[in-house]
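Common to both upcoming complexes is subunit A, partnered first by subunit B, then by subunit C.
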Partner chain A sequence: MLEARLQQAKLLKSLLEAIKELVTECNFDCNDSGIALQAMDNSHVALVALLLRSDGFDPYRCDRNLPLGLNLNNLNKILKCAGNDDILTLKADDGGDTLSMVFESKDNDKICEYDLKLMDIDSEHLGIPDTSYDAIVHMSSAEFQRICRDLQQISESVKIEATKEGIKFSGEGEVGNGSITLKQNANVDNEDEATKIELQQSVSLTFSLKYLANFTKATPLSTRVTLSMSNDVPLLVEYKLDNLGYVRYYLAPKIGEE
Partner chain B sequence: MSSSKNASPAKKQTTLNFGGSSTAPEQPTLSSFLSGGKDQKKDKKGDKENDQMEVDKPELKEDLETVAAEDKKRKRPNIIVDSSDDDETDDEAEDLSHNMEHSKISSQTIVEKSTPTPTPAPAKKLKREEVKSEDVEVKDEPHNIASEEDEDEEIQQAKEEEEADERQKKEDKAVAKKLASVFTKSTKLEPETSWKKGEAIPYSALCKTFELCEGTTKRTEITTYMVKLFKQVIELTPDGLLELLYLCINKLCPDYEGLELGIGETLLMKAVANSTGRSMDKIKSDYRDTGDLGLVAKNSRGAQRTLFAAKKLTVPFVFKTLRTIAKISGQSSQAQKIANISKLLVACQDSEAKYLIRQLEGKLRIGLAEQTILSALAQAVVLTNKGMHYGGSKLSEAQREQAFTKAVEIVKAVYNQLPCYDMIIPALLKYPIEDLADHCKMTPGIPLKPMLAHPTKALTEILDRFENRRFTCEFKYDGERAQIHRLEDGKTTVYSRNSENMSGRYPDVMEKVAQWVAPETTSFILDCEAVAWDREKKCILPFQVLSTRKRKDVKEEDIKVQVCIFAFDCLFLNGESLLQKPLSERREKLRAAFVETEGQFAFARHMDSNVIDDIQSFLDTSIQGNCEGLMVKTFDGEEASYEPSRRSRNWLKVKKDYLTGIGDSLDLVVIGAFHGRGKRTGVYGAFLLACYDQDKQEFQSICKIGTGFSEEALQTHHDFLQEHVIGRPRRDYLVGPNAEKPDVWFSPVQVWEVLAADLSISPAYMAAVGEIDKAKGISLRFPRFIRIRDDKKPEEATSSEQVADFYRRQSGNTSGGGLEQVGGTGVDDDFEY
Partner chain C sequence: MLIFFRVSLEPRFTCCLDHCMTSPKITRHLASYHKFSEKERQQVQEELLKWFDVSKRTHLPWRKEWDGTLDTEQRAQRAYEVWVSEIMLQQTQVATTIPYYDKWMQNFPTIHDLAKADIEKVNKLWAGLGYYSRARRLWEGAKKMCEESNGVLPSTAKELEDKVPGVGRYTAGAIASIAWGQQAGTVDGNIARVYSRMRAIGGDAKGKSTIELQWKIADYMVPEGRPGDFNQALMELGATVCTPQKPDCKHCPVQKSCLALKEVKVTHSMMKDEPVETSTDDIDIEECNVCLPNNPDEELSVTRYPRKAIKKAPREEECAVCILEKRLSASEDPSTSRFLLIRRPKTGLLAGLWEFPSAELNETLATKKKSVKKRKPVIADSEDSGDDYSTGKEAKPAAAQILANNYKERTSIVDKHLEKRFKINMSECNVIRRAELGSVIHLFSHIRKTYHMEHLVIHAESLDDLSLSEDMQWVSRDELNTAAIPTGLKKGIKLMESQGTAKSIGVKSNPRKKAKMEQDPAAGTRGIMSFFQKQT
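Here is the complex of A and B:
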């Protein structure tokens, strides 16, 4: 059985916002080390991997592997009923067909209980190989969101070039073109704003902005984002959750059309 | 094994990966994924064998090279881990750790290269489609309920149907013979693609067969391919037969359940764009060039790579997803449909995308008729019947042939009575074929295809046909064919001539059926015509009035157009099938089992005299009574049985139109055109015509026309008219607000002479708007191109005034008074009534 208590319901609410555009149904795999999720979008272009470690919950109990097949839209409907500061408890029995959720408001005078039906989802677990990337860029997540949003106004795809000098995002569309360059800087005053680049080799890759913009739905989860790139290899966009785990997105690059 | 050998050295430098060395088998999840790759490889080997078989066909040989190149180009590389081979994983992992920075691309590309699929080049394909395309280019105008055919064409069509019928019979025999001889020589039927016993049928097996069918026009060959496939399925995965069969006929359920595909082009293009990362513009322009979205999807090389290769498509998965797509409705249904289609498209290999898109469109276009499928099914069942040893010598060739022919007859006969594969297939698999008829009987609640009549041009033809035989004449009511079913438990359903459930359209009929039934009648199937009825004047209203009734979810209190049911046949009564009984007996039973109710339910008027003068006067009476003409039917004997789904010569129809001709032709201006598809790719497939309003000095749209053109004519029109294309409609063009917008507009330069069956009021066209109806114009039903009128200037075309006169002169519109009451401003009273 699973029992997991989260101090702030907000976290799960934001997590769901961050993945529900990409995936509609998937399994939450629960075991003694935590809750994990992995799913590809319909077109097999993007993949989201989520990990919530057990020590982020208090208490956390899960004796054996328990996959919870959920429709994310339905889960979202229920999570909307929770207040941001509510204490959220997830419960599921081994072999049961529902996921129970309890929302307790902080001052303890209101308790909401919801049960969500589980579904059987046939999903194969995909082994994602560990990769050492040629370029790893740490930057402000809000800045990344802004860049994606701005470029999406003029272009469908973005070319990302990482060099020693900095990282350049550029887009081209019918109305014109545009580019944004962030120089490598170690902003001592405000660490959240800093752009750091670990570079083995320069890279240049093109991605669909539609997907990237989707990924930036995870911005509220972390002030920092990491982009890891190697030529001809899927991009890894990672948002770390404080002491709890991460949301990782993988995106296959685009190649020149025709 | 040559294919994998070819692939592996090339792969060394081309496998694109995450770059890491962790493809090693310590990750159990990954190896399970890799085993998928292994399967794939095995399949490729199978393909290879087929290819070798295919190469023997000389016409395909030449294409192989181009195709190989094309295929290579098209394929989307998968990135993370692709179809790497199981046994090579370790080597590969090592390799990878040595060359970590080495840039690599998918191995699939290379495997693909070494095993070209014998797809003919697109140009060739188009040619074939020309020969076979059965699609009718131009659809009937939307306001026609039952699609009646243009008269000459109708006769033509009936003739063709008859010939096709004959041909089908001959071909069935030919196939039976072929199969019989095939098995004496103990040649094996080589399956195209194989799979493990009991596993889900791979979708590729079906698509391979489709490809073969598309590559030939000979029905015997098509049948043989289908027999092979069905036989294989019955032997390996009998549970999948039903779903496979539905995919072959491109349906999702029996017609009466009403679940249909037919996804719009735009939506499909969006889905293709979505799953390949190509732009809509490119896809649209490809579509214009090829006229086949299926091909576009197949040839769409993705600009967007994928992460993991998707699982191979299986027949049950495709079928299930297609059903899901068809059921999606309501909010954000478009996005959901696109998502589901993308899910399928991303897993498509080779020609799968082509057929998948065509299935979604609702037209397969491979010349696979349902009759062919039925006979293939029957023969496959005989072949797999364990009681008969076809490889051996127990039966002579002639006996075998006979067994095949008989099986085909049985299955077809059963299907005519019970057109429901959900019931036939399980019975076929369970019981010997000889007993099939005992297990699958006609059942109320399952609509059969109605018997159709043969058109005739003159009354004398009837006498020729029915010489020395008793026949009977009935009024041919101008309404909608309706089949009313009632089950023992009182459940009632009304079906259309195409077996669609029309209960939602006729709640008033459903309500009253019980009142028309004699006390001892329990269950029945009635063949009727639903006709619009004027309760005050107690007369029949023309078809155009009936067509103004809402088509779905009619609420009883909202009904403005009343309907009277005219029953003319009874196919099933109190648990007993009457199909084999002569009409005389059926009519007797019908009259005994039901009670006429004025204005609601009546028996079709009939006359049994066989004297030509009587028939003539009966015909006149019928036309005066607002009927279409007469039905003349064999009355007694064996030939007077009911033959479901057949256009039989035992029923003849005489329509007033055939006798009187269509009247004057109209001279109309071409103002726009629609791009052609299928065999009309590259030229205009249909045109928008207009008449000229001399007072207002404007061209008013009157109809869309796509009939009456020879291929040369289409080419000539295209060549001439494309010189006169204008960017937007001229300001003096009046096109209705609901009109279908043509793809191109023309300056008014040419006048065409056009014949039509009928005129009707239509919101989509603007001819003579304001003359008859304030907001709606007049349109032509079944317009047909006659010739170009070079002698007329566009301004000399038939005027709106003339069109309005034509409309008023139509007998149906002067005596019935159905639509005129809406008339308003500017109506010249002299012409009314």
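Here is the complex of A and C:
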């Protein structure tokens, strides 16, 4: 069985917002180390991997592997009923067909209980190899969101070029073109804003902006985002959840028409 | 580690313990080990028939007592009944079959009624049993028999197998023995298990030599009197006593003649005390070459027979699929669209089904680059598979992998295929749109096939010259949904629908100009699955 208590419902609410656009149904794989999720979007171009480590919950109990097949839209509907500061408890029995959720208000004067029906979902797990990327860019997640939103106004896709000077995002469309360059800086005063680049080799890759914009729905989860790139392999966009786990998105680069 | 010892029979043949411990074949033995002696044969026949008379299941509607006084007509009717029941029982459980059999017999009491029936009605009565070709073959067989022999099925197993559609070796043996009283052996799943255990046949259950051996035994064992009852008794024994798991050896009528049981007993007693009888190591003529090496981790039990077939790893195949659509105009009016379908060959994989033009990447490679090493053949020979129990996944040819990942390369292969097969010259075509859809993996029982899909839209005028053969057709989008297209490719249609109808694009078509990439977010992006390996 699973029993997991989260001090702030906000985290799970935001997580759902971050993935529900890409994935409609998937398994939450629960085991003694935590809750994990891996799913592809409908067109099998992007992949989401999510991990919530057990030590982020208090208490956390899950004796054996328990996949919880959920429709994310329905889960989201229920999570909307929880307040941001509510204490959230997830419960599921081995072999049961529902996920129970309890929301307790901070002052402990209100308790909501919801049960959500589970579904059987065939999941395909992809093994993701440990890649040493040619370029790893750490930057402000809000900045990344802004860039994606701005470029989406003029272009369908974005070219990302990482060099030792900085990282350049550029787009080109029927109305014109545009680009944003962030210089590598060590902003001592404001670490959240700093752009850091670990570079082995310059890279230049093109991605669908629609998907990137979708990934930035995870922005509320973390002030920082990491873009890891190598030529001709999928981009990894990672949002770390304060020692609790992560949300990772993978997107295959566009081919041709450079 | 448990070791099984072959029970030595005459001619006496035992081997030394050392040999047993080291040899992959746990104990070598003579081929004659698997034979019944004449004395045993009679004993088994007697005991089995005696048991059958007492403990057979009586609620099975197709089961009737053997009656030697029937005339030919009555016997032909019996043959029809046995035939229907045996065909129904293939791949289907007894309990499920009973109501279908009763319903069938009410509607088609004789073979003539069946022959006159409409195939629709036949299929309707079959609905729910699955494997519908069985119903069609029964019907075809009935028609053929009514035309050729006034509805009387042949009486010998050989003729039954040769003349009646859908009747294989097993069904032929069953009809000949049960309905016609012929001395014909037969081997179905149950009988194969019973004989495998009684004679300790350790060969791969699906292997040719194992099956041949079982048939040889079956033909030898079937008695002249009551052959049908004997065969049914064996099936019954397999279904009720000698079950795949947890056989009820204590209540088995032929336990005295069961080598599997004897081996367990001997091994037990040897593990306790008595030293093993040793003899010379010289191997006589005719050593058994059916049995596989022993698996030391196996449980000490009769259920180790029959030996499970070794599963071969599925073959990897890659295939570039081009969903070719022709449109009257570049505007997104789906009603003017037609899709090209090609019929697959009448034999082989997915025989007779329709598919999109596709180029096998493995083949292309094999012919294009001779240097690309062909797959390593998997050793499947039962004789010398040695320790080759876990035949790992075959290595995917490196070049095919590269092709699989490279859309540009694939488009050129598709272009060549279109030109060669259909005389469509892509450089002269007015392409409205061309986009990669992604890859779909479809698992067949023996092949792991990856379809790399693309969607190609060509102006209809460019394809006016295309001459259609019998195995080609243009269908509309609606027809596409109902056409007999393999499931794997249907996923491709879904991909196309999820991506293609997103928005209309007013690309001014310009002959001889390269297609513009579709403005769909996923377009031009390779499937994520081509980067990450699927886990099982």
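Some points to look at:
The criterion applied here is as follows: the second predicted complex is superposed on the first by the 256 of 258 C-alpha atoms of A that agree within 3 Å, B and C clash if a C-alpha of one lies under 4 Å from a C-alpha of the other, contacts with A are read in each partner's own complex, and residues count from 1 in each chain.
Assume a residue touches a chain if its C-beta (ideal position, glycine included) is under 8 Å from a C-beta of that chain, and two chains touch if they have at least 3 such contacts.
Nothing here was measured: the structure is a model prediction, and the numbers come from that model.
Once both complexes are superposed on subunit A, the partners subunit B and subunit C clash. In the superposed model, A:230 lies in contact with subunit B only, and not with subunit C. Residue contacts after overlaying the shared chain place A:130 against subunit B, while subunit C stays out of touching range.
Once chain A of one complex is fitted onto chain A of the other, the partner contacts of A:249 are absent, as it touches neither subunit B nor subunit C.
Of the two partner chains placed around the shared chain by superposition, neither subunit B nor subunit C is touched by A:144. Look at A:24: by the touch rule set out above, it reaches subunit B but stays clear of subunit C.
Here subunit C runs into subunit B after the superposition, and of 134-142, 224-232 or 278-286 the stretch doing so is 134-142.
Touching of subunit A by both subunit B and subunit C, each in its own complex, is seen for residues 40, 42-47, 124-129, 156, 208, 233-234, 250, 252-257. Listing the residues of subunit A that touch subunit C in their complex gives 40, 42-47, 124-129, 156-157, 207-211, 233-234, 250-257.
Remark: subunit C residues 407-408, 436, 438-439, 495, 498-499, 517, 519, 521-535 touch subunit A in the complex. For subunit B in complex with subunit A, the touching residues are 16-23, 27, 29-33, 77-81, 100-101, 103-105, 274-275, 277-279, 282, 301, 303-311, 339-340, 342-343, 346. Against subunit B, in their complex, subunit A makes its touches with residues 24, 40, 42-47, 124-132, 156, 201, 208, 230-234, 250, 252-258.
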